[in-house]
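Next, two complexes with subunit A in common: one pairs it with subunit B, the other with subunit C.
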Partner chain A sequence: MSHEMNSLAPELLTGQQRMILVDWLTQLADDEFIIGHRDSEWLGLCPTVEEDVAFSSIAQDEVGHAVFYYELIQELEGVSADDLAFQRLAHERKNSLLVERENGDWAYTIVRHYLYDLWDQIRLDAMVESRYVPLAHGAKKMKREEYYHLIHFQHWFARLTKCGGEARERMKNAMELVEQDLDDLLDMGLYETDLFSWGILTKSSEEMRSEFYSRYEELWRDMSDLSERKLIFSKQISKGRMGQHSPALASVLENMTEVIRFDPNAQW
Partner chain B sequence: MTQTHNGKQKKERFHQILDEVKDPEIPVISIVEMGMVHQITVEDRTIWVEVMPTFLGCPALEMIRSSIRERLLQEPDMDEVFVEFIRDPLWSSERISPIGKEKLAGFGLATPAMDGLDQVECPYCQSSGTSLVNLFGSTACRSIYYCRSCKEPFEAMKPI
Partner chain C sequence: MDSQRLEEEFVKRVQSGAKIEASDWMPDGYRHLLIKLIHMHAVSEIMGVYPEKEWVPKAPNLRRKLALMAKVQDEMGHGQLLLRIVEDLAAPYGKGREELLDDLVEGKVKFHNVFHMEARTWADAGLIGWLIDGAAIINQASLLSTSYAPYARILKRICAEESFHMQHGENVILSIAMGTDEQRKMLQDSLDYWWYSLLFFFGPLEITPAAQKMLHYRIRTKTNEELRQKFLAKYVPRIWSLGLTIPDPTLHYDSKLERWHYAEPEWEVFQKIVSENKGPKSQERIALRRIAQDQHKWVRLAMTTGI
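What follows is the complex of A and B.
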């Protein structure tokens, strides 16, 4: 089957399709933008100099992906990518609560990013054959870059859980903290069924989530003496995807919009 | 027919000129040798250059755009230059030309094969006794290695 044959051309989208696509792109863009910013906050503070280097690169990749998604929205809505990134209020943001949380300790940082990247990979897999061709092209590119992030976090995750002692204890705490935000991360907003039925995604949200949970359970199993975990998605009232955020997002936004508030015409 | 011939010659000339535009992060290699130039279209005094970005978040992209513009606008028969970063086809490290790879090696940068993260040859002494120090390096597209034979650290392009 060739998706090129019946692709959704930007100029032929109905108003409804456009709205749903923009909602989805906003979730993706905001997730990548905020986690990228959190990554950048580690600069100079990482446990090793190698990690300073790694986190700077990873931050740069994630923000680059956010720019890609913001530019797709720009093409559809005519609002500039910079304005989308810097001029929206907290309640207009659709990132998950997980990515806005403060960095916490190294264990939380690693667990959060690893689980986020596992989910991101599932999302990208569902987009590489998207009927919205510009999205499919970007997803292919991002998958190749994210491959390196996944290897990196996989290594850290394995090292910290296998070494025992304080590290393992902290990893366990981190897992429990991150787990509280997983439903919010895996929520795909009001229109998730339409994303699949219109071929913007080639997998249903249920399929994507069950794929994630089976990987998650594997992780718990690998950590042998950590108890078994069986997660079931409970779609409560969606928070992050609906613009309901924690105070942590406000402080991120305050920090990242400092320049533009000082000088709206600043060039960077 | 003469016109088509002239058009082709013109295109080739501009392609050669683009070979003078260097990658701002690796000044020994041109964007053509990096395999980043997909195609150029010339119409009268206007040129469109389609460039494949190496990494989506590469901060050098805007610099590359302005270097291309500046260089091509120096030509007397050129008035307008449009540079577009495209996502199809995708850039891959396999697009780096053989000359490009040689120049990168001279710069201390290895270019491993797609599945060759673990078998990277030292660009200084050609030893294969090397080890990966950090998947991430000084730019998004590089990793850091160490050569156990000549005891030199070096970088490698991430195979993507």
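What follows is the complex of A and C.
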């Protein structure tokens, strides 16, 4: 009985709780959907054929996670997962700016994905004991997959940053580029305090961010001769969670809906 | 033993059904034919990624998107497995992965005609899975009995995966075929566009000296025309059952000759597409391959040398 009292059942949510939960799920779903999209663009262009195959698995996992989150929203809102994925306009999307940026070079791709996955791991950790049980279940499953993604990118990151010459230069540039979008990634929207106080997350946003920053600063230290980094979170410059996006997202969406727009009444 | 005796012994062995392993002695002619065939097969799998990959972002729902992503990944995986086989065969000539893929961007190795064509619509994307993978299965299944054992082993896996792809393609096509008038028009247009490319896919009617040699060494056991007939027998009735019109009014089954009569593709036109990389999308796709091969050389260099 006490367990049931502790958990938040979909049918017992207040209107406010539902809205906050949907806002959070939308951030997660859109992040995973768009990074999965960007990953899938790499197929056939990766530095090795082996990486093409590996990166495609990661892309499929990310889109699969997006489907999971969209389906949770579907249960709460009655809008189909497909409509959530394909029919919303750019300003209705809550993904971070980081994941919508164009792919750039291999260094940017690795750094972006590695840092994104570091953050995603922290988010998942904060959800495995969530009072919203469907979310806790999914988070446990996803953590298993993300574990391998993290190893994959950790490996690339370590190898490329330890190199000299062109690789190192590119990695350093990529770090600086990605860093500009970190606040936007780490922003959790308007209701981050409520997510914690209602037990949807078991860690506060401050705690999560400070965990991320200490991992991040470690990475810079590991790159030996690179300067020390100290980041302070600034919510002011965050945009993605509020639906403010770059033109890159609009062009992704335009491309994505080409078939659907061909005949809106059709089943495919 | 002199080389002529060795060769005779070898031919006797393969013709009596023996399988050759990578570490066995083999005539140079046999090795060359295998390299040529499997290298082309490998790069065709890789080049087959591009026409479909363009449709991953445009796939009309989540289920189709995930299925297509997995399919295209499989094709790349086949390319990788086949390259490994060619690497073993080409090792005595000092050729490795880098050189084998350089050959592709330098136009020194050909790839299947169908992957020079444009995937213009979602129906094209579905038809590639249905009919092109369907044609590829017929071709590859006939190679399962090849005398070169490593190739046969990989083909077994490839055929199993291709049959999923064919079902995926068929499923996409069925949805379109049962759809609106606009969708059906899109599908007919797709069949019109691909039909003669599909016939050409199996190769010329005559048995070329190279094909003759492959039959001799039991690298292949069936002729181009035998495979094309198999394809027609399997797919023409299915195409008709969807109410589609095959763009060849002369197409019919000749029950006296027990073969399908069909209008031949314009051989020279299609041959030029393959041998000179002059198809509608040849250069664009080779340029994509060049991104992987040339623009990312720094990555492979960094990973192997640490600089």
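One rule holds in what follows: the second predicted complex is superposed on the first by the 255 of 268 C-alpha atoms of A that agree within 3 Å, B and C clash if a C-alpha of one lies under 4 Å from a C-alpha of the other, contacts with A are read in each partner's own complex, and residues count from 1 in each chain.
Following the convention adopted for this analysis, a residue touches a chain if its C-beta (ideal position, glycine included) is under 8 Å from a C-beta of that chain, and two chains touch if they have at least 3 such contacts.
Being a predicted model, the structure only gives us computed values, none of them experimental.
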Thinking of the overlay built on chain A, is A:H65 touched by subunit B (first), by subunit C (second), by both, or by neither? first
Name the contact category of A:T193: first (subunit B only), second (subunit C only), both, or neither. neither
Once the structures are superposed on A, label A:G165 by its partner contacts, choosing first (subunit B), second (subunit C), both or neither. second
Applying the document's definition of touch, where does A:Q16 land relative to subunit B and subunit C: first, second, both, or neither? neither
Could you tell me if A:H137 is touching subunit B, subunit C, both of them or neither one (first, second, both, neither)? first
Per the overlay, which chain contacts more subunit A residues, subunit B or subunit C? C
Mind working out whether A:Q180 is in touch with subunit B, subunit C, both or neither, as first, second, both or neither? neither
Touching partner for A:D263 - first (subunit B), second (subunit C), both, neither: second
Applying the touch criterion given at the start, work out whether A:V53 contacts subunit B, subunit C, both or neither, answering first, second, both or neither. both
Shared contact residues on subunit A for subunit B and subunit C? 50, 53, 56-57, 60, 63-64, 67
Which residues of subunit A touch subunit B in their complex? 50, 53-54, 56-58, 60-65, 67-68, 133-134, 137-138, 140-142, 144-145, 147-148, 151-152
Considering the complex alone, what residue numbers of subunit A touch subunit C? 37, 40-41, 43-50, 52-53, 56-57, 59-60, 63-64, 66-67, 70, 81-82, 85-86, 106, 159-160, 162-167, 170, 252, 255-260, 262-263, 265-268
Within the complex, subunit A is touched by subunit B residues 55-59, 87-88, 90, 92, 133-140, 144, 158, 160
So, in the complex, the side of subunit C touching subunit A is made of residues 46, 49-50, 53, 56-62, 64-66, 69-70, 72-73, 76-77, 79-80, 83, 97, 101, 122, 172, 175-176, 178-180, 182-183, 186, 288-289, 291-292, 296, 298-303, 306-307
